[in-house]
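Lettered A, B, C, D and E in written order, each chain numbered from 1.
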Amino acid sequence: MKYAYYPGCSMECNAAAYEMSTQVVARALGFKLVEVDDWNCCGATEFFSQDELTASAVVARNLALVAPELNQLVAPCAACYLNLAKTDRLMQDNATINAKVNEALAAGGLKYKAGRVRVRHLLDVIYQDFGEERIREKVVRSLEGLRVAPYYGCQVVRPIKGDDSTEYPLHMDELFKWLGAEVVDYPVKAHCCGGHMTQISEPQAFELIRRLLQSAVDYEADMILCMCPMCQLNLDAYQSRVNGFFGTNFRMPIVYFTQMLGVALGFELKELGFGKELVSAEPALRAKLAQRASV
Amino acid sequence: MGAHSEGNHGSAFLREVIADTPGGERIVHCLQCGSCGGSCPSGADMQYTPRTIFAMINANQRDAVLSANTMWYCVSCYLCMTRCPQNIPITDVMYALKRLAIAEGKARGTDAPALAKTFTDILEKYGRSFELGLASRYYLLNRPMAMMKMGPMGLSMFTRGRMALLPTKIKNLDQLQAIIKKARELGEAS
Amino acid sequence: MSKAKGKLAVYWAASCGGCDIALLAIDDKILKVSEAFDVVFWPCAADGKVHDIEKMADGEIDVCLFNGGIRTSEQEYMAQLLRKKSKVLVAFGSCAHEGCIPGLANLNNRQECFDTAYRDTPSTENPQNVRPRHETQVPEGTLYLPVFYDTLKTLDQTVPVDYYLPGCPPEADRIWDAIVAILEGKLPPPGSVIGSDTTVCDECPRKRTEKKIKKFHRTWEIIPDPDTCLLEQGLLCMGIATRAGCGALCPQVNSPCIGCYGPNNDVKDHGARMMSALASVIDSQDPGEIQQIIEEGIPDPVGSFYRFGLAHSLLRRGKLAADGNGHK
Amino acid sequence: MSDETFEPKIVGFMCNWCSYRAADLAGSARIKYPPNVRIIRVMCSGRIDPTFVLKALSLGADGVMVAGCHPGECHYIDQNYKAMRRFGMLKHMLAAMGVEAERVQLVWASAAEGQQLADAVEKLVADVRALGPLNWPGNWNEHKDRLEAIESMVKEHAEAMEVLP
Amino acid sequence: MAERVGIYVCHCGSNIAGTVDVEEVARWAGQHIKDVVVSKDYKFMCSSLGQAMIEEDIKTKGLTRVVVAACSPHLHEKTFRRACANAGLNPYLCQMTNIREHVSWVCTDKAAGTEKAKALVSASAERVKYQRPLEPMYVDVNPATLVVGGGIAGLQAALELADAGHPVYLVEREPSIGGHMAQFDKTFPTLDCSACILTPKMSEAGQHENITLLTYSELEEVSGSVGGFTVKIRKKARYVDYDKCTGCGICSEKCPRKVIDTVFEAGIGERKAIYSPFPQAVPRIPVIDVDSCLYFTRGKCQVCSKVCPTNAIDYEQKDELIEVKVGNIILATGWKLFDCARMPQYGYGRLANVFTNLEFERLCNAAGPTNGKIVLRDGKTEPKSVAIIHCVGSRDVNYNEGCSAVCCMAALKLGHLVLEKTNAEVYSFYIDMRTNQKMYEEFYQRLLAEGMHFVRGKVAEVTDAARNPDEQGKLIVQCEDTLLGRQRRIPVDMVVLMSAMEPQADAKELGLKCGISCSMAGWYTERHPKLDPVATMTDGVFVAGVCQGAKDIPASVAQGAAAAARVQGMITKGRVMIEPIVATIDEEGCSGCRICNNLCPYNAIEFDEEKKVSRVIAALCKGCGTCVAACPAGVITGAHFNNQQIFAEIEGALWDAAAAKTEEETATQSVSA
């Protein structure tokens, strides 16, 4: 299976662990991610707050650059996924915007036929296209005993309705059940991580982060699994500041779902980018996996 | 198409917002149920809840709406939008209001426009986002004091190889800039 | 048959010539025809000249069997001439009756027909891009060719017609039935099609049940069951909407009817009838799926439903861009 | 090619129970819509034969509306699905004949949807207006040189006959 | 011989004449339309003078066809047909043209309106020449009636008819009649006990000499038409002999197998494998649920058979198909509850103490699983606070766009019961409070006085994610209090979801069997929403109760009675007229291709295997014309809507376009001369 791949800016540096583990897992599952040549930033939420048409054109450049023989584009970042998918949909639904975006693209010698590329999030590809049977086959190190809290965030499950619920998504839950983990059914798994509010109103952003961490703690999770660099950054990098702000004492490791999938597939922690998280996942991993080794 | 959506009905501001939002014509169906304001993670901090904003739009309170903090507290989580019993694209309306507020210089008491501006400047210059550049430029220009608090976290990030010192530039920057230029022209023309 | 001999004319306009051959396929009965008629004009079989006809009195010919549609100014002239000189004008065969295969060129205009014939076909060698022209100057003076029309018309779109003999070509037995009717003076009211008024299904021995079609197949895609209705197997068989008379020749050899006998009496538009019937039994209630079944199964709707009747249909031809002179 | 003075002539085939009543309702509610559609009532959209549409176009209509009850709401249970299928088939054929898709439109309107019906008429009229006149019979006009050619042939034959004994 | 056409153009006061130059239309028609011998305009054609004018012209001028250009034929077609018939002209030779609803009322420009009116008059005039005389058909009405659904609406209808002396077959798919009303504790706004007012009606129906009760039965097939339907009904096997059983109940008492009752107890109570849903069930004959019965699933047990004093248990019983003949059918099939799990934000199914309103009704009901005690899912703890959430799955385009009509009042009633039976605080979260019937607003006032808390706002979510110690262990109801314009989080112990009423899952299928359709929302479509609310588009089929749209008990009872009254009218009349608009097949031309065979939803087309032709059974044909349009040989004719008539109408409607065409054709064809 072959997909066009749009890593997005975060994957280059901040979310290097996500990128590393994604590549490792992709190889192990036997699917090929062909990086879109010379892709540009998706504009995040900021560009759309300023100029919708220009933002759409900036996003559409990436769609236009997808190799003609490929018609599915995989994005690991929630914001990138949504911007790409939403722009494609907007162009399909709105003839005026479609025409203008294409006129803008033409200034760069490009064109894009709305609907040509199906934009998908990485989780969806792993969950749907590989499915339970094949993934179970590949598990060499069951995650039994580990209590994981899948965290979906917002923009992969909303507003574009896929096969999963927009309120109470289950795909990552199921994936980790296949891997043997104990999945924590906590209520805030599709609530907001604070997004870019960290830049706008810290008290507000910290409160949103606290709610997520608190709920995971209440449900006795060993770690939170992320599927978006922004969510990971907010929950991980700001965790110490949240503790400072509220006087709490969270030590909740925040890792990418691909990292833990890689663990289950038998890869070494290092190749999966462990150690890059600010709140280390190693104690939890060691405790649980060692426990099992002794059994 | 029909008399209700094409004619001169509804407040002038309502028509303006509808024209600026894809799917915006659903606004007229608002039941004032408040499931948006109830769902919003920032609901408690908003000056007006989205529902109130719709009532204000209907009442043509243009200035009050555009200088409200509501849209700047929108985190784009889309919970309100998927829960709205009338399928109003609430998050998209917030984007439209942000654009109008920036265009009219009404965005007061928030750094969000500045952040957005910094972000787009970097995008235009390099084609990719650049976190260190974004953070330092934005904080230096807008919030020098806050920069201090960010220090330790930035350092941790840096030591774990999660913060780049130099931006990545895309190869065909000319092409991107040409597209942006053309798009801006088209936007202004309409 | 001791009466004085009648006068018979046979003419061949825009058609393949198969109708002339079909007329001879009545075998030795042709001798009975020559007993009854003097053949005054039959360019394919006898050496008659147009000016001989022009010299005749109006209505002097008793019967004219006219095959072929009207595509050129010469054919139009001949149609008018033979109409004037004949008591009974018969549109003989599908071309004269409905336009037939030449009428399918009505999806294009004159220019496009020429492009195909004189430029685009693989076997064409025409470096100077020579095209037929109405007038050509030579040292000896001006030479004329007939003007080639944008639209092929049927005989009755050009001149009034008394009877129609359908088929591509008409079956020999049906031709003989018609000749007998003429000889015995037992003709139906003028304007009629001489033939049956049921459809091919009436003559088709296949077993039929209620119909539901989920997918249309092209003929090469399946090997049809020899005893079951071809349409029920998803083959686009025009038999349901096509006049009987051929004895269901094609379905009998496992090949769907292509509709050469045209529609029944009182049917205004053969293709529309077929489309309406066929679409009614598509087994889906989902617009997307319906469209898919139609578009995948019937890639050439005009060629399928109007293979023989396009020129005679309500629309008659494809749309021409209007530039005031009918040219694209 | 749109013409300022061009008033499209449109025939609307409507079912007795839903779309015709929707048109009645549009009237009772005094909803204004362009006067271009001439409505022909049939009992059910299932009665609408593609022949009717072709007949209208061949007589010079610029557009046609085919209207019935919403799918699943047919007064005759599910006959409007047959209309839906026939319309699909007709659309496919008309495209091959070069008729613009906007000229023949399928509309579902319940008896309560006067406004929707009026909107649909407005859209159809606007679409057809933008396309310009169809003038299908005009497609059958032959070149002007046709008459001259026939005349010259008659002359040629006459001259040839003079030469003969 | 040419027809003699009369054209009559109505002013309708200024209704038409205001936007259409009616004099001009009449003048033009008289001059330009072929075969028109008289063309007049008149102030009010439908007045007796207007009708008299037409009658007079038919008699004195020998008119053979009449066109009336006025309002919609749905209003006055009958009037003008009658006028023609009075003058001796077959009524089907009269055609109405709608120049009011379709022209004057929708046009703004008088010139354009006049042109459109001309085209419509021309269309009708061309068409009318091809119209043929038709004779209406009559059928006798069978006085027996089928009522489908034994809820309160169906019960009411059945009792009204039976009391009037007519036989009724009452079909109910559950083991007992009673419907949803039997599940409730109290009814609003009077708070009288639901069972107390319902059970007398149930037993009356059970004992009525004119009512044949067919419980645990379902409608299989309907054929025929108004006056004479034949209905096949499946009587599901009860495994209990109806005649031997005395309803003593020992079998259920001794049955060792308990299961969750998802129907009558809404999933919060239990029943046995052999059971009667509730003590006052009618009939009291139990049924065996074969999916849980130990004997049927494992082959052992037979306790019921052993304890039955009358030997009524019959494990060999089979489903029985019976056939009844009736003249009319009343559908009163009710509703089902919206599946609250479809809105995960309310936590139903995940959070134990979130209840549906139906579950809660059973909790409150003295005969319910908790004997009327309001307790949490654990079965013992009394809640200290209860939230009642309105509009769950209703007023929401994602689920059901419409309002369920009863939930506001039901929420007030349930709130009252909580306040009466417990010490709990009660919160009602509503969008709009709808209390618009007799004594309803007063009931709202009563609850305000009783101290129920009202929060105006649609609840965003119900969560167990506590943000502070006060919220720990509670269900937190988060919403915007729209009166305060502020987000609120209210911790409670128990949540009740006022779930939407939805059409029965098989409503559409049953509708198809009876020949009626459903609205977009899935409710049965009435003939007219205001003026004919219980009749349907299919003659002889009526609807009553919630199956026609969400409504409360008084409205359901009213509709049940109304439907019965309509049926009585039919029975008293004795025979009904059927429009002669039917299809016929010319057997000579039919080749038996069988395209038409499965196009008819009324099975009115039969295939003659011997002659290999298809044939229309006129009595079953409803005249839609679908087969006419489908016949590939063009040998099916639709009376009053045949090809010739419609072609002429198209030609007439395009008279001005056609005129333009002829000019062009004349120009190009002149060479033929």
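To be clear about the criterion, contacts are C-beta pairs under 8 Å (C-beta built on N, C-alpha and C of every residue); 3 or more make two chains touch, one makes a residue touch a chain.
As the structure is a computational prediction, the values presented were derived from the model and not from experiment.
*Asks:* Enumerate, in label order, the chains that touch chain A and chain B alike.
*Replies:* Touches both chain A and chain B: E.
*Asks:* Report the chain whose mean Cα position is at the greatest distance from that of chain A.
*Replies:* When every chain centre is compared against chain A, the largest gap points to C.
*Asks:* Check B-E against D-E and say which one is joined by more contacting C-beta pairs.
*Replies:* Most contacts of the two pairs: D-E.
*Asks:* From the mean C-alpha coordinate of chain D to that of chain E, what's the distance rounded to whole Å?
*Replies:* 35
*Asks:* Between chain A and chain D, what is the gap in Å from one C-alpha centre to the other?
*Replies:* Their C-alpha centroids are separated by 52 Å.
*Asks:* Distance between chain B and chain C based on Cα centroids, please, to the nearest Å.
*Replies:* Here chain B and chain C have centroids separated by 67 Å.
*Asks:* Using Cα averages as centroids, what's the distance between chain C and chain D in whole Å?
*Replies:* Distance between chain centres, rounded to whole Å: 27 Å.
*Asks:* Multi-chain contacts only, two chains or more: what residues does chain C have there?
*Replies:* 76, 268, 273, 276, 278, 280 - these are the residues of chain C that touch more than one other chain.
*Asks:* Could you list which residues of chain B touch at least two other chains?
*Replies:* 79, 83
*Asks:* Among the residues of chain E, which ones contact at least 2 other chains?
*Replies:* Residues 345, 599, 626, 629-630, 643, 647, 671.
*Asks:* Quick one: in the complex, what on chain D touches chain E?
*Replies:* Answer in residue numbers: 7, 9, 11, 17, 20-21, 23-28, 30-33, 35-36, 38-44, 46-49, 51-52, 55-56, 59-61, 69-70, 72-79, 82, 86, 110, 112, 118, 135, 137-138, 140-142, 146-147, 150.
*Asks:* For a test of understanding, state which residues of chain D touch chain C in their complex under the given definition.
*Replies:* Listed in rising order, the residues are 49-51, 54-55, 57-58, 71, 78, 81-82, 84-86, 88-90, 92-93, 96-99, 135-136, 138-146, 149-150, 152-154, 156-157, 160-161, 164.
*Asks:* Per the contact definition, I'd like the list of chain B residues that touch chain E in the complex.
*Replies:* 31-40, 43-44, 48-49, 51-52, 79, 83, 85-87
*Asks:* Which stretch or stretches of chain E touch chain B in the complex?
*Replies:* Per the stated touch rule, the residues are 345, 391, 395-398, 431-432, 456-461, 478-482, 485-487.
*Asks:* Going by the contact rule set out above, which residues of chain B touch chain A in the complex?
*Replies:* Touch list, chain B to chain A: 22, 41-42, 45, 72-73, 75-79, 81-83, 89, 91, 95-96, 98-99, 102, 110-113, 115-117, 119-120, 123, 127-131, 138, 149, 152-153, 156-157, 160-164, 168, 170-172, 175-176, 178-184, 186-187, 190.
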